[in-house]
Structures are given as C-alpha cells and as structure tokens.
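First the structure, which I've put down as structure tokens, then a few questions once you've had a look.
Lettered A, B, C and D in written order, each chain numbered from 1.
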Amino acid sequence: MAEKPKVALYWCASCGGCEEAVVDLAEAILDVVAAVDIVFWPVALDFKVSDVEALPDKAIAVSFINGAVRLSEQKEMVELLRRKSQLVVAFGSCSHLGGIPGLANLWDKASIFDWSYSKAPSMEPGATTRPMTKIQVPEGELELPEFWDTVKSLNQVIDVDYYLPGCPPTPKLIANAVQAILTGKLPPKGAVLAGTKALCSECDLNETKPDKLLIQDIKRVTEVQLDLKKCYLAQGVLCMGPVTRSGCEALCINGGMPCTGCFGPVQESPDYGGKALSFVASIVDLEDPARAQEVLAKVADPTGIFYRYSLPTSKLGRKKMPRRK
Amino acid sequence: MQVVRTVKYEEELDAGFTNQVASEPGGDAIWNCLQCGTCSAICPVSIYMDKTPRRIIGLIRGGFRDEVLGSLSIWICTSCYACTVECPQQIRITDIMYIAKRMAMKESQYQRFVVPAVEEAFVKMVRKNGRLTESRMGIKVVRKSGLRSGVAMFPIAWRLMRKHRMSLLHVERMQDPASLRAVLDALEPRHAPTAPAAAPSRAAGA
Amino acid sequence: MTGYLYYPGCSLKGSGAPYEKSLLAVFSALGQELKEIPDWNCCGATAYLSVDQDMAVAMAARNLAIAEKLDGQDVVAPCSGCYLSLAKAKATLAEYPDVRARVTAALGKASLPYEGRVAVRHPLEVLLTDVGPEVLKKRVTRPLKNLRVAPYYGCAILRPYPGVPSPQAPHSLEDLCRVVGATPVDYPNKARCCGGMLTAGVQSVGLRLVEILLCEAKAADVDAVVTTCPLCQYNLEVYQERICKAKGKDVRLPILYFTQLLGMAFGLDDHALGMDQLLRVPLVAPCAGVKA
Amino acid sequence: MNPPAEAPRIGVFVCDCGFNILGVVDVPAVVKFAAALPGVVHAEEYKYMCSDPGQDLIKKAVQEHGLNRVVVASCSPTLHERTFRRVVSEAGINPFLFNMVNIREGVSWVTEDKVQATEKAESLIDAGVRRVTLQEPLEARSEPVNPNVLVIGGGIAGMHASLSLANANRGAKVHLVERQPSIGGNMARFDKTFPTLDCASCILTPKMTEVKIHPNIRLHSYSEVVSVDGYVGNFDVTIEHKPRYINEDLCIGCLKCIEACVFKDARFPNEFDLGLAKRKPIYIPFPQAVPTKVLIDPHDCLYLRLGTCKKTCIDACEKDAIDLEQKPDRVSLKVGTIVVATGFKPFDARRKPQYGYGVLPNVYTALEMERFLSPTGPTEGVPLLQDGRKPETVGIIHCVGSRDKNTNEYCSKVCCMYSLKLAHLIKERTGAEVYNFYIDMRTPGKGYEEFYERLLSEGLKVIRGRVAEVTKAALTRAEKDHLIIRAEDTLAGFVRRIPVDMVVLAVGLEPQSDTQELRRMLNLSCGHEGFLQELHPKLAPVSTATDGIFIAGACQGPKDIPETVAQAGAAASEALSLIHRGVVEIQPYTAVVNEELCSGCKVCIGMCPYDAIGYDEEKRVVHVTEVKCKGCGVCAAACPTGAMDQQHFRKELVMAEIAGVI
C-alpha cells in the first residue's frame, strides 16, 4: 500500500469556525481521514511543532491554513508549513482576504491595546497591564509573540497555491477541493476553488428580482419582515450577492439572511468594497440629493459592511494612523 | 426753498461699498436685485422711511455709501422680515439693513437718532447683567427720547407695576454674567486691527 | 429623553409674566415637562445684531450650547423674538463657516462646545404637532363657545425660519381657536408687524401700526385678540388708552396669549394663567356663562 | 480582451495651432518626447494640423511609415475628432484606431507656465499613446427608418407639425395623440391673439378641421401614449383610447343626447371653461371641438356612477352611438420618429397666497380671463364681477409665479404681451380703468413694441412695481369693499395702495405636471426648470438627446404662438429629413457583456437611461440591444463584477490612459 499523502491543518487569527467546518464534513471526514495522513492539527490532534520541524521539506502534500496573520508566531508557523508543504491552501475568508479580524486595520496596535486594556469597561478600572513580548520569571525569560499593527491575509505573508473562500467554506467546496488534490485534477495555481460568477447566478431569488432594480430606501434586516421568496435587494435590504463570488449556493439567503460577501470578489474585480459601494450607490433611486444622502446614511458602518471580509487585501489595505511618538 | 445740486460724480461714490456689504453674512444675494419694489410694498413701515428698502438696495449697489449709512430708513426697519420672505430674488433685505446698521454704528455715521442710542444702551445692559430689565431699559429710552414721552409713559408704567409686570427695584440678571462676558470678550479683539483709530469700536464698553 | 428645554427670555420674566405663567400651567396640565435652561442669557434680540454680528450670534448660541450639554432636547422659546434670534443664530452658524469658526472658538473659551444639534421650537407648533389637536381637545373642559377671536401671529414665528407650518397662509392659531371651541375671524393683517421696538423708538410710527391692527380687530367685532409673542401683546395692550384719546375712537380690546386661551378652556384657574395681570380684564360677557 | 493583431506602429502629430499651443507649450520638445514612447514610429509637428496641408501630411506619414494607429495632439475632440477620423480612414486605417489629445483647451489655454504646460502636454500624449495601443477597430452600423410619425399633443404645435408631416404625402401615417376630448389646446380658449388682435378661433378652427379630414393623419383624441420602446427609426408605441362611452365612428355630433339627459340643468364644472361654466354629464367640450363627438364623464353620469338611470340619452340617439359599457382600448403602432408637443401648464396661482386667488372674490387667472372675454365663454365676452356688475377698475399683476426664486426663477416670456392684450380687451368690453403692474415690460418681437405703445396711447395705467399683496383690509373710505393692491411705484418712488374691483393674475407657464413620466418614457432630459431639454440651445433647438425624438412648442420652454408654430415646423422638418434619408448610423461605443462573468444581477438594467439592457431568462445573463445603447458607460461602472464593458472605453483602455497621466 502506497504511503498516504500527508496533510496539515493550522489556524491563525480566526474564530475557529473553519475548524468546525472541517468537522462538519460529517461522515465524509472518515473518507478523508482514510485517504490521508494528518500530521499536524493543533485543534484536534496532539502533535508538536517539533514534529513538523522534523519532517523533510515538501514532505507534507498540502497544508490547509485558516485565519489571518497578525502575530509574529503565526508568521513563523505559516513560513514553516510553507517550507514543509507542496501545496498551501488558504482556507476561509480570513486567510483568503483578511476576514473579520482584518477590520482591526482601522486601528493600530496602540489604539487597540489602549481600548482593550485601559478604556474598555472593566471590573477592575484603572488597570494598566499591557502584554509584553518578554518577561523575567524565576524560571527564566518568557517570550510572547509580537502583536502587529496590521492584519494580513495569508498571501501577504507566504506564497499561496489555492484559496478556499467562505466564512467558513462550505462542506461541499471542501470536499471538492480535497477530491481535486487527491486526484491531482487541479486548476492553475492561484485559483479560488469556488464559482467564477457572482452569487446572483446561483441564487433562486434572482428570478424574482425586478428588471429595474432600484430602491427608494435601505432597510436593515431587523427593520423588516423579509419576504423569503423575493429578492432581498428588491425589499431594500442590502444583499452583497451581486458583488460576491458564487459557490456557496446562496446558503445564507436560503436561510433568511442577506449575503454579507464572505466569498469575496470575483476574479476580475480589483476591490470588493469599492465595487460594493458603487453597486449600492447605483441602485438607490432618489432624485432629491438630500433624501439620497439620508438613505445612504442608513448604511451603518460602511467600512464594516463593504469591507467586512476584505479590508487587508483591498486597495485601501488599512487606515492611515497618525504618527505616534 | 433751497436749490440743491444732485449730480453724483464717480469720485464721490465708494466703489468698494457694494462688495463690502455683499461679503457680510446675508448680503450675498444683493447683486440679484431686480428693483421690483416688492420689499417696499410689503414693508409695514416703508412709508415712513426717507428711502424705501428698494432704493437702499439700489444705493448700495451704486456705491452710495454715505446716503445709505446716513439714512433714517435703516433705523426705521422693525426687523419683521416681510421683505426677506417676499423678495422674488431671495435677497435677505433685513440682514442687509442690519449690515448697514452695524457699519453706521461703527463709523458713527448716524444722526443722534433715538433708535441706535437705545440699541447701544441695550447692548451695554445685556453685557453687564446677561439679561435685560425692561423697566431700566424703559427709563433709558425715555431719557433718550425726551421728557414729554416720559410723561406719556408714566401711566402705562404705573399700571404695569400694579399688575406686577414691571418693577423699578428688580433687576433681571444671570447668576454668573461673567460666563457670558468671557464668550463676548473672546470675540472682541477681532475688531481691534481693522477699526480705524479715529473711530473706536462702539460695540459696548470694551 | 422626554420633555423640552425651556428658554424663557427676558420678557417672560417681566412684562410677559402672564405668558410664562399660562405657558407653564398649560404644559404641566398636559403632562409635558419644561425644564428651564440653567443660567440662560439674553438672546441678543434685534439690538445686538445692529451692533455686532458675531457677538449677537454668540449670545444666542451660548444658550443652545448649554442645551446641547444637557440632554439636547428641543428648546422651546415662547417669545417670538427669542425664537427668531435662536433660530437665526443656528442657521447663521450652519451657513457661514467663518462666523461658526469665530463663535465656536469663543464658546470654547467658556467650555461650551457647539455642534448645532438642538432644535429651536415655538410652543404653538409644539402643542399642535407634538401634542396634537386631538389630545388638546380631550383636555378641554370649558369650551369657549360664543367667543370671537382675532388670531394674530405677528412676524417672527412666520419668517424666515417658520415656527409654525404654512408661513404664507398660517392657520395654527385658527386651529387652536377651533380646538377650544372659539370662533377665529378672518383677520387679514394677522402676519403684519406690530411695530416692534418702534413703539419705544419712534412712537408715531409704532402706534400707527398698533392702531391699524386694533381697528381691524374691532371692525371684525371680536372679543379678544390672541397673540403668540410678548412684544405683540404688550404693544397691542398698553397703548390702547392713548390711541383712544388721540384718535377719538374706541380700540379697547382684551389681548390674550394663546396659552391663556388654552388654559381657560382647560378650566385652569385665572390666577394660574396670569389673567389678573392683564390690563384689560377679558371676556366678561362671553365667558360669564362659562364661569358660572 | 484580445491583444492587437499586429504590432502597433503609432504616428503622433502635434499641432501648433498657430500660437495657440506653440505660445505656451514647447512643441519641439513634446515631439521629441512622443517619438521615444513605446510603439511610436513617427512624430512630427505642424502649424495647423486641421488644414488641408496638415491632413495631407498625416496621410503621407501613414504611407511612408506604415502606420496603423494615429494620435493627434491639438484642440478639443468636439471640434475636430470627426475631421481626423475621416483623414485616418482615408489613409486606410480604421477610424477607431485614432485618438485625439487635447493640449489646447486642456493645457495651453489654461496656464501661462511653459514648463508645466509642456510637462502636462507630454503626459497627456503619453496617456493617448498608451490608450491607442489598446484600441480596437470598430464599425458603425446602419438601420432603416420607419416612415410613420407619432405626434404627442394636439395643441397648435402638434397640429402644425402633423399637418407639415402629412402634407409631405409620403404614403405614411402621422399619428396625432391628444389626451383631451378635443384638439386645439390652450389656443382654442383664447378670444384674440397679440399683437394683431386677430380672432384665435378664426385662425385655429380651419387648422383643426384640416387635421380631422387629412387622409394622412390618424387622430387619437381622448387618448394617451402609455409606452414607447425601441430606438430611432424603429419605435414601438402603445396608445390607450380612454372610453368616451360613445362610439366615435357612429356619433354625428347632433347633440340630441345632451338635450335628452336626465339632468335638465348643466351643473358640473366645464373643464374647457376652467370650471367657470357648467356642463351636463354628457357633453361636448366646446362648440367647435374636433372631433365633434360627445362624451360622458363617468364621475358625473348617474348610470356609470350608480348603475341606475333612465338612460334617456340612448333613446335620443338615432345612430345608436352610445355605449355605456365601453372599456379603454389599446392600440400598438410602429413609428420611426416622434414629435413631442405636450405644451404647458399654467402656474397654480394658489401658490402665491398673498394674491388671494381662491380666497378673495373677483381674483382670476389670465386663462380664466381669456374665457370671460371669449364670446363662447361663461359671460359671453364681457368680464363681470361676481355680483353681476361690470368692473370699474381692474388690476393686472404681471410675473405671478415667474421671475421669482420662491416659485419659478425664469421669465415666462408671454405674460407681458398677453397682459397688454387682456388690458385692451377688458377696456374695450367693460370700459374699466386697467392698471398693469410689471417689473420690466418685455415686448421684443415683431409688432410687439408697437402694441405696447398702442396700449399706452389708449390710456392704460402702467405701474412699474411688483405687487406685494392683494388684501381686503381697507384703510380709507375709498378702499372699502374693494380689493386693495399694494405695490411700490418704483418710478415715482412711492408705495401705493390702489383699490380695484377685479384682479387678473398673469400666471406664468410651467411644464406639464407629468413631464417627468413623459421624460422617463421617452428617455428625454429636462432642464432644471422642468421643461424638456433640447440637444443644443442654438444649433439643435428641436432635437433631443434621444435620436429620432423632437420637441416643439411650450413643452420645451415658454413661448408664444408664432414661435411655437415655427418650432413645430422645424421639428417636422427634422423628422422628415431623417425619414427621407431612410437609414440611421449607430455609433459603435456600445456596451458589451461578457456572458462568462455576468451573474444576471440586473443592476445595470436599472441604471441604463436608454432601456438598452434586457435580461435573458434562459441564459440568466443580461444582453445589450446595441442600437439603443448610447455608450454612456453607466452600466460598466455599475457592474459589480466587471462583466459589463464599453467598446472604445474598455477598462484596460481607461486604466492605460490613467497610467499615462499619472
């Protein structure tokens, strides 16, 4: 029996949902486990970094890495895995585009620490504790990883072969990706392993979208009783379907929530948030500029909505912070 | 009957006057005036003015600085804004009257007319107490406008006092008038560099 | 955030005392809180604007800044003159960045940041739109039937920052009269100036304007003129005797505040409404039946 | 996008434009710079590139250097793009492989700084060269023109345009659509017309009859256009005929049914008389109406409102023309061109409450006064007060709703003249003293000033001052029971109060209230005052931004009858010229969809101002109707995925151009 291909899974700055998604493969995971040899999966199995370091370079067939990169330790780990792997797959929105943690690029380390350790309401007001990278204890010097000013996507740190988008990627896409890797039927390097068109193309509600999609008001999901059989955009609720890559089969929409764009932009669009912004501006149909402003102002937190998953990989990248002394 | 020469030579006019008025808040639309006379016609007191509001606008546009600042009209204006609302060109005529009043005050370009004098007294009192005491103000008005009007006002004052709507003793004032003065003082130095030395700012006892 | 902030202005603390009394009584009868702005200052009136624009705006804006510092509720300014000064200052600060820069800097010296967040309202509009005619009608216990009233708005709350709807053809006072059961007469000069400060400055002119208004009301055979402004009320009320004497015609008429009219219909006590402070005791004949 | 088939061989031609460009830009340095750019094989300068020698120079260079792309750096493309495209085309290169760079209006005319000007010219040429490298050859296409014409609006403009078109005798139909039951428009309401004072009916009625009997005109009265699709030369139109409850083909206009109606008295306001006179539920709008057919107002008719009536009208009709069950009926037409002549709406005088219209008695609008003065009007030609007396004094207030930033800022142009006309007629019929209150008396036009002088010599009182208010609050005995007009006599310098018996408000002209819907249906644009917008105020005054649609009369802006008729003739001639040519050329700047990328999200459909994008239900992608597309690029900008692109303005081209500039 030929040696089973070695597989590693790792997480960086992420919520853990991507790990859940792997577990959510349900019975299919047994097939995967039978087909591969998992050599590193800190969430589930007890392997040490030294085990990985001990492997020869390129010994791992594929590493699935989820989460954005924002700590020096994460950088070290992904560089290690890159060295040891033939293929690296950025797994999930955070790794692919920067993800929700990427919204931290609206601040920097100092302002984040300021809030988290001093200003946020606390049981212990006035505490001044701040994480340090080095501390002396009787047993010797302890070291903690460095926290970066800027969150990065995986491809901003190491070379990435494929991307599995989604928050998290759907079981079907994961299974397809594993299948493709196992059978060697791989698309060109750099491909996003999902649909090529935007989500509307596979959304059932697209049929109900009026030919002239123009809205007079913007509503939040909490403000309306959504008609689940009618295109949400036509009901004034911002759905990012038109801007977002397909492949999820309109999972959220079928579940009664509009698309928030976790699959990111289609290949040809350079900046997800910019396109999303121009798309929303396009469909708001108001003659009176004052009223239009009023309605557009109802898009609470535009950065958070239009760049929810992709700030680090957008043309903006991050907010420019004032120079600190 | 005296014969007067009315021709105006260009050098007697102030070419910059119009721009000066137009650059003040509310004066910007003055160029749009059609001279239609709606302002004069709707004004409840234009019939008492030496120059109707329409003429005042026309004079400002022509650079007739002295004629405007020396006119009675600007002091007759009751600031009821009827002209401003009715003007088909949306010229803020009331605001322009105020602009002219302020210029006249600053340049002492007004006859010893009772209205500007009363307004100065008002400003002084408000600056001191932060608020206005009507009875004290009344006395000042009477002093400015002469004994006869004072006699005429006496029965009115007496009746108001009996109804507890006026008192000679009570002074209406803020708890802390200094807090207002701090704000006003902060605005004071603005005038210092621009005001000509010969015409000290009349804006209330600096 | 409930209720309103209350900006009385100087007149309501003096000759306009009946206005303040009736206003507070009516609002409290309706369960609407009016909280006086602490240590308010004069709005600047017309006089300050004739002397210095920035200071005039700053005077008014200081009151608005204090209101902002509190809960930022709407500011109710019953005196039409104050209403106009405050509204105009707010508009000037919004429209002219230079003025705003200078005035906010000056207010900053007194630690009063100004953002222009509070709305300036006139109580007539508050009563008819926020409270609403239906609620007012329900509270009426003594409908003022048989009472003919001349609705007189004066100038300041109609323009140019209208404190009541339809400034060209206002009907708020008429609506209010109907709410209390009284009959508003057609009063063509209802938006004409009362003479304002000219009754003090240039009396011959001021009194002529008063005379026209009173004659017209008299010709319409009304029982009272209803006003919304302490200066209008004062001008129309205190010069009646003098005009009678000078012109040889009877122009004597009760001049009421609209809040007094409302208070009467609510069945509030005459003293609480400051009725006894009016120079001309009103409405003896038409209200005799009601009072009994 | 495919890379260009052959390697680019670009020629750059820099124009001195006399001293216009040369005076500020260092042209020799620019030429040197251009020659060194990638793809450029030839660069030269010339004094006037647009001149014949300049054009020859380009052609010669194309031959000599084997150029396949050309950049000309000179003036604005609006001036000479056409010229140079022709030149390039004559030299054997596809005209869309040419690019024009503006270094005059955009550079030399806007600065005196020679160094910066030269730098800017260089970077613009760099951008132009990068762009032309990626440009693709394109072909303009042509389409046939349907000879039928739709004319919307049956006032004097629409009637005149229809007759001009119909008289060309092309064997095609003119479809004239009028929403009122009769054609004639506002002009039919007038008694006389200025400045000649000839009778409006006398000149209008023959035209109305001609429209009715003309074999080439199909009149759709009491009808509205409900939809227009298609494009120049090929419009699909749907018209709805509103039910008259009378079979139009059978009715002979004998009016016996009106006589027989169960309502013995006329009691409903007559629309034609603006409510000043009354009619029955079954009526004809006015005696000379065309078509002379009766109609029933379903809101007034007992049977149609309540379902019960003796229906005496049916018994009275000998032709069995009455059909109380009639329903709206739609017809579809194909036309090649459209003339819009929907006219104006008089300003609503209630919007100026200070003049008391609708509140004070004896205050009327000018149009109402026209009816009073008409022999067929409510008072048979003599204006009367509400109490039946003749007025002794009448005030005519000019500029009601015009020249007023609070309502309409523009001058309505016709009010001064019609006010003078009304003054003359009122004086003539009643002997009243008439005052005209005006801001400026505007009487330019043939015979107009003479008319003004005539009125002055007739003793018309003119006061130069805009009226502030009309009130009934009298201050003197003479004012009692009068309307008092308050205005400043600005020439005398006094405020005056003038008591009059009657007030006439010279209301201005406004766009029809449904102009916006019309604009959307036809894809036209409106000026900021709301009138339909012409393509060019001087050089294309009756054309619109939509090819094949022309405008005439007051729908384009206030104008009097002579000017309206002239415009109607012009619109007809523009339409005829298109019809005669027979084909239309379509610019190839159209949008194209990459179906591989299109997700069918439909955002572009709502954005397209020309209705050029449709959705393919089968393929679930959008498609562009090339002939409708104007190449505005809105869809390409709005497309959330980059599936939509515009020919000649593809993203790569624009990005390349930007890269050259920065």
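Rule of thumb we're sticking to: a contact is a pair of C-beta atoms (placed from the backbone, for glycine too) under 8 Å apart; a residue touches a chain by one contact, two chains touch by 3 or more.
Here the structure is a predicted model, which is why all the values come from computation and not from measurement.
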item: Dominant interface by contact count, named by its two chains; value: B-C
item: Centre distance in Å when chain B and chain D are each reduced to the mean of their C-alpha atoms; value: 49
item: Mean-CA-position distance for chain D and chain A (Å); value: 53
item: Separation of chain A from chain B, taking each centre as the mean of its C-alpha atoms, in whole Å; value: 67
item: Distance from chain C to chain A - Cα centre to Cα centre, in angstrom; value: 61
item: Chain B residues counted as touching two or more neighbouring chains; value: none
item: Residues of chain C touching at least two other chains; value: none
item: Sequence positions of chain D contacting 2 or more other chains; value: 354
item: Graph class of chain-chain contacts, one of line, ring, star, complete, other; value: other
item: Pairwise chain contacts under the document criterion; value: A-D, B-C, B-D, C-D
item: Residue ranges of chain C in contact with chain D within the complex; value: 168-169, 188-189, 212, 216
item: Residues on chain B engaged by chain D in the complex (per definition of touch); value: 32, 34-43, 46-47, 52, 54-55, 86, 88-90
item: List of chain D residues in touch with chain C within their complex; value: 353-354, 471-473, 475
item: Chain B-facing residues of chain C, complex; value: 10-11, 13-18, 39-42, 44-55, 58-59, 62, 84, 92, 95-96, 99, 102-103, 105-107, 109-110, 112, 155-156, 158-160, 167, 191-193, 195-198, 200-203, 205, 209, 238-239, 241-242, 276-279
item: Touching residues (chain side chain A, partner chain D) in the complex; value: 196-201, 206, 209-214, 241-243, 246, 265-266, 268-269, 275-276, 278-279, 282-283, 285
